[in-house]
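Next come two complexes, and both contain chain A; in the first it sits with chain B, in the second with chain C.
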Partner chain A sequence: MKKLKLTDIARGEDTQLIEINPNELIPLPPPYDRVEALPGFKQLTEEQRGRLVCNLDGVVSYAALPKTKNKEEEKKYVEQFVSGMKKLLSKENNWTFLQPLLLSIDYCAQCQTCCDACPIYLASGRNDLYRPTYRSEIFRRLVNKYVRPVGKLRAKLSGGDIELNWTTITRLYELSYRCNLCRRCAQSCPMGVDNALITRELRKLFSQELGWAPKELHEKGTVLQLEVGSPTGLRPDVAIDNLQFLDEEFTEATGTKVSTPWDKEGADILLIHSAGDIISFPEGPISFSIICNAAGINWTLSSEIPGYDGVNYGVFYDDVQLARVAIRHAQIAKKLGVKKIVMGECGHQHKAFMTVADRVLTGDLDIPRESVMTFLENLVFSGKIKFDPSKNNFPVTLHDPCNVVRNLGIVEPQRRILRYLCPQFREMTPHGVDNYCCGGGGGLSVMSDVNFTDWKVHVAGRMKFKQVLEAFADRPGSEVKKYICAPCLNCKLQFRDLLDYYGAREKSGIICGGLAELIVNAMVDVKKPFIQWEEL
Partner chain B sequence: MSGIGWHIFAFGAIAIFLIVIVYRTIAISRLPVHLRWELAPIPHEKGKARYGGSYLEEYEWWRKRQSRSFMAPVLYMAAEILLLRGVWKHNRALWPLSFAFHAGIYLIALMLLFSLVSALLIITEVPSGVVDVFLAIASVLAAAGYLLGGLGAVGLILKRALDTNLRSFNTVSKYFNLVFLVALFITGAYAWFASTDFASTMSLFIKGLVTLDGGVTLALPLSVHIVISLLFLIYLPMTDMIHFVAKYFTYHEIRWNDEPKNEKMIEELNGLLDQPVSWSAIHVKADGKKNWVDLTTKKMSDDEKA
Partner chain C sequence: MAQMELAGNTYEVDENGFMQETDRWNEDVARAYAALEDVNELTEEHWTAINYLRNYYLGNGICPMIRRLIKESGFKLSKLYELFPNGPAQSACKWAGVPKPTGCV
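For the complex of A and B:
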C-alpha cells in the first residue's frame, strides 16, 4: 500500500491521491471472504473524471465539486478558505465550538493512538489517507500557518510545510466526508483531542464560508427540510396521507386497530419520527402508533413544517442549519403545548436535539426532550401491555447508534427491553459505548450517487458487517432468520445497503429493523406476526 | 555564575513559568461556553459510569436529581495522570516509553519538593537526623527520575524516528522538545554521579535561593544541569507540553460536561447569541450585522399571519 506524506495532499493537482484495492481491505468471514465473488467497485467514467473534481480516492458522491472554469476561480476559493479558517477561530462566528476546536488543534501529541480506534482506518487495511489524524494534522498545520502569528516562518522552520492551493482544499473537502464522526477516536485519545470534531469544523468551514456541502445534506437536506418539511421531499399533507394509508394497511394486515393522531393540541407528548421511516421503514412509525395507543398515551405527531421529520443534518456540517432546524422543532412543540418531546428512532436527532442544540434552546423553547429508548422502556415495563417473548424467539443482536450511545450515554434501556423480549438476544463485540459505527454515521448513510455506496459498504461499514456476522456465527445459515435491531433510521439505511450489497439476506438470513417492531411483534394483543421477514 | 546571578535566573524562570501558565490557563477558561459535546463514558455518573451510561437513561430525567460522584472523576484523572491509563488501554506499545518518560518527570518534581523541605528544615535548624532522611529520599528520587526520564525520552525519540506509524507526523518542534528533555535528564544524571552528595548540594542551593544568600556556588555539572532545567522551565509553558493544563479542559469542560443550562450560562449564552455573524456562504444570510438569533429564528406561520 502506498505510504502517504502529509504534504502529498497539495501535490499532483488532478491526480487521484490513492487507489482503493479491495484485496487490501480487512478480510470478512465466509461466505463473504472471496473478493472476486462480490460486485466490483464502480470505477469513474472518463466523462465523470472530466466534469468533476475527483482527485482523492476515486470515490465520488453528490459532494463532488464541478471543475472550475479558470485559475482565478480556484484562487478565490483558496482565499475564502483562509478567511473561513480565521472565522472558525473567532468568538463571534464560532463561539459554538471554539474551545473544543482550539484545544484539539493545539494539544495533539501525534501519538497516533486514535488510529486503531477508527473503523474506517482499520477496515481500509490501515490506509494512511483514512487516519483520523491525516486530515486533522493537515488542517492544524494550515491553521498554524495562515491564522497564527508568524505562521509562515514557523511552518518553514518546523518542516512539513503544507502548501495551500486548489488541490489541497478540494481534497480536504472530500476527505472530510470520509469520516463517520463516530468519535471513537476521541474516546481513545489520552489528551482528549477530538479528530471527529476537527472534521466537523472543517465541513462547517466549507459550508458556512465557501457554500460547499453534499447536496443530500444541504440542498436536498436541511434546506429542503426547512422549506418543504423533510429531506425526503415529503410535504405535510402527503405525510398525513401516507400514514393514514399505512394505518389502514397495517390494521388489515395485523388485525389490530392502528391509528395515528396528528396536531393534537395539549397532548402530553409530541413524538417526532424521521420521515424517512415513513417512506423506507413504515413498520417503525406504525409500531409506535400501536404501542402508544395500547398503553393509553396522550400523544401526537405534528404536520407543521418540519415537525414530522426529526432529522437534523446540520449536526453533521453546519451550525446555522443545525440551530434553524432545532429551533423550529422546539417552536412546534411550544405551539402544540405538549409537556415533552420524544425523539424517534434516530440517532443524530437524539444528539442534535437533546444535547448539541440544548444551549441554543433558551427561554420557553427549552421544552423537556426525552429519548425513545427510555420512553419505550417505561412503556414495556409499565404493565399496561402484555407480552409473549416466545414470539421473538429468533437470534437478535443490537447495533448501538453512536449518537445515542457513545455521545449521549443511553446504553441500557434498549438492552433491558431486548433481554426481556428477545430470548436469543446476543451482543456484538465490542458493544455499548465501545461499539463500531455502522459506516453511515456523519451523514454518510444518506449520501449516494456514482460510487459512494460502494465505498460505504466496502470500507466504512466493513467493521460493522464483520461484527454482525460474528455475532450470528453460531447460526450462520440462511435457514435461521436473524434480526439486527438498529434503533436509528440512518443506521438502518446503511444496513440495508450492506445487506443488499453482500446478499446477506439470501446467504445468511439477516434482516435489519428497529426496536419498536420487536416490541409489537411480542405483544399478545397483536395476533398476527408483525415482523415480515421477506419484506424487511 | 555568581550568587546573585543564580537568584535572578532562578526566580525569573519560576516567575515566567507561573505567569505564562496562569495566562494560558485563564485564556482557555475564558473562551466562550460552547455547545454540548459530551462523550461517554462520563465517570461522575454514579452507578452508570462503569458501562458508560448517563442521566439521560432515566425516564423523564429532568424530574430527577442527577446523582454525581465527586471522587470518580478524581480517581479517573489520578490514574490518567500518574499511570497514563489511556495510553495503557489504547496504545500498549507506546506505554512503557511514555510511562518511563512521565514517571521521570514526576520523580524529579518530587525530588525538588523533598529538597525544598530539606532546605526549610535546615533553615529552621531541625535535627540533622530528620533532614538526612529527607535527603536520602530526595537522592533516590533524583537517581530514579533521571534514569527513567532519560530512558523514556531517548526511547521516544527513537520511536518517533523509526516507527513508520509516527514518522510522517513528526515536526522539528516535537524532536526539539524531546532533545531538550534528554539534555535535562542526562545532565541531571551526570550531576548525580559526579557529586558525592547530590541531594545535599541541591538542598543547600535551594536554601541559598530561599534565604537570598549571595554566596551560592555550584560545581560545573550541577550548574549546567540547573541552567538547562531553568531554561526548560521558561520554555515549557510556551509549548503544547502544557497539555497537563489543557487536559483539565478537554476532559472536564468538554467530554464530561453534560450540565444542562443554568442561569449564569443562559446569561452568557444570550450575549453570545447576540453577536453579529459574518460567514460568507449565501444560505447563512449573514451581513455582519445580523446576530445568531436573527439568522436562526423564523417566526411560526401563525405568528407571521398575526
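For the complex of A and C:
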C-alpha cells in the first residue's frame, strides 16, 4: 500500500490520492472471505470522473462539490476557509466546542495511539489516508500557518508546510466524511485529544462558511425537517395517517389492541421517535405503543413540525441547524405541558438533545429529557407487564450505539433487559464503551450519493460486520435465526445496508431490529409471535 | 446535475439515476427504465404497483411504507422483487419517476 505524506494532500490537483483495493482490506470470516464472490465495489464511470470532484479515494459522497480551476474562484475558497478557521477559534463564533477544539489542536503528542482504536483505519488495512491523525494534523498545520501569529514563517521553517489550495480544500471536505465521529480515538488518547471533534468542526466550517454539506444532511435533512417536519418528507397528516394504518395492521397481526395517542396535552411523557422508524421499521414505534399502554403510562406523540421526528442532523455538521431543531423540539414539549421528554431509539438524538443542546435549552425550555434505555428498563422491571423469556429463545447480540453508550455512558439498562428477556443473549467483543461503530455514525448512514454506500459497506462497517459474525460463530448456519439488537435508527439503517450487501440474511440467518421489539415479543399477553423472521 | 436519456428525451437525474423532475414522467419513461434493468415488457401487475406508488407520492409527498404498498397493491415483497429486480425502493420508485427516498429510511 502506498505511503502517504501529510503534504500530499495539497499536491496533484485532480489526481486521486489513493485507490481502495478490496484485497487489502482486513479479511472477513467465511463465507464472506472471498472478495470475488461479493458484488464488488462500484467504480466511478468516465463520465462521472469528468464531471465530479473525485480527487481523494475514488469515492464521492457529495456530487454537488464545485469543480473549479479558475484562480479567482480558488482564491475565494481559500479566503472563506481561512475565515472559517478563524471563526472556529473565536469565542464569539463557536459557542459549542471552542475549548475542546483548542485543546485538541494544541495537545496532540503525535503518539498515534488513536490509530489502533479507529475501526475505519483498521478495516482499511491501515491505509494512511484514514488515520485519525492524518486529517487532524493537516487541519492543525493549516490553523497554525494561517490563523496564528507568524504562522507562515514558522510553517516554512518547520519543513512540513501545507499549502491551502483548491485541492487541499476539496480533499479535506470529502475526508471529513470518511469518519463516523464515533470518538473511539478520543477515548484512547492519553491527552484527551478528540479527532472526531476536529472532523466535526471541519464539517461545520464547510457548511457554515462555504455552504458545502451533504444534501442528505442539509437540503434534504435539517432544511426539510424544519419545513415539512422530517428529513424523510413525512408531513404531520401523513405521519398520523401512517400510524393509524399501523395501529390497525398490528392489532390484526398480534391479536392485541394497539393504539397510539397524539397531541395529548398534559401527558406525563412526550415520546419522540425518529420518523424513519415509522416508515422503515414500523415494528419499533408500534412496540412502544404496546409497552406504554400495557404499563399504564400517560404518554403522547406530537404531530407538530418536527415533533414526531427526533433526528437532529445538525449535530453532524452545523451548529445553527442543530440549535434550530433542538429548540423546536423543546418548544413543542413545553406547549404540550408534558413533564418529561423521552428520546426514542436514536443515538444522535441523545447526543444532540441531552448534551450539545444544553447550551440553548435554558430557562423554561430546560425540560427533563430521558433516554429510552432507562425508560424501557423501568417499564420492564415495573412488574406491570408479564413476560415469558422462552419466547425469545434465539441468539441475540447487542450493538452499542456510540452516542448513547460511549458518549453518555448508558451501558447497563439495555443489557439488564436483554439478560432477563433473551436466554441466548451474547456480547460482541469488544462491547460497551469500547464498542465499534456500526459504520453509519456521524450521519453517514443516511448518505448514499454516487458510490458512497459501497464505501460504507466495505470500509466503515467492516469491523462491525466482522464482530457480528464472530458473536454468532457458534451457530453459523442460516437455519438458526439470529437477531442483532441495535437500539438506534441510524445503526439499523447501516446494518440493513450491510446485511443486504453481504447477503447475510440468506447466508447466515441474521436480521436486525430494535430493543422494544424484543420486549414485546416476550410479552405473555401478545399471543402471536411479534418478530417476523421472513420478509413480508 | 447528471442527465439521462430516456425514451428519446433528456431528463435531470440524481447520481443513482432517479428523475428529479417528476412531473415530466410518462409511461415511456417507465418502460425505458425497465429496459435498462432487462425487463422488456411492463405487465398489468407492473402498472398496478407503479401507478399506486406514483399516486401515493403525488398525494403525500413521500413514498409509501412497504407494508402499505404490500397491503394496498396486493403483492407480497417477493412478488415485488420478481416484478422489479432491485426491489420497491431502488427499481419501482425509480420507474415511477419519483425521487429516491432519503432521510433515515
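The working rule: the second predicted complex is superposed on the first by the 530 of 536 C-alpha atoms of A that agree within 3 Å, B and C clash if a C-alpha of one lies under 4 Å from a C-alpha of the other, contacts with A are read in each partner's own complex, and residues count from 1 in each chain.
The rule is simple: a residue touches a chain if its C-beta (ideal position, glycine included) is under 8 Å from a C-beta of that chain, and two chains touch if they have at least 3 such contacts.
Since we're looking at a predicted model, the values are computed, not measured.
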{"item": "Contacts of A:Glu13 with chain B and chain C, given as first, second, both or neither", "value": "neither"}
{"item": "First (chain B), second (chain C), both or neither touched by A:Leu234", "value": "second"}
{"item": "Touching partner for A:Leu224 - first (chain B), second (chain C), both, neither", "value": "second"}
{"item": "Chain A residues touched - chain C or chain B, whichever exceeds", "value": "B"}
{"item": "Chain B versus chain C as contact partner of A:Glu163, first or second or both or neither", "value": "neither"}
{"item": "Set of chain A residues, in rising order, touched by both chain B and chain C", "value": "none"}
{"item": "Residues of chain C defined as touching chain A within the complex", "value": "2, 14-16, 60-62, 65-68, 70-71, 76-78, 100-105"}
{"item": "Residues of chain A defined as touching chain C within the complex", "value": "48, 51, 60, 63, 216, 220-221, 224-225, 228, 230-235, 238, 241-242, 245-246, 249, 274-280, 282, 311, 445-446, 448-450, 489-490, 493, 535-536"}
{"item": "Chain B partner contacts - residues on chain A that touch it in the complex", "value": "3-6, 80, 83-84, 87, 91-93, 95-100, 102-104, 106-117, 128, 133, 137, 157-160, 183, 186-194, 197, 207-211, 218, 223, 226, 304, 319-321, 323-324, 327-328, 331-332, 335, 340, 354-360, 362, 366, 368, 370-371, 373-375, 377-378, 405-413, 432-434"}
{"item": "Complex interface listing, chain B residues touching chain A", "value": "28, 31-42, 45, 48, 51-62, 80, 84-87, 89-91, 94, 98, 164-166, 168-174, 240, 243, 246-247, 249-251, 253-255, 258, 260-261, 265-266, 269-270, 272-273, 275-284, 292, 295-298, 300-302"}
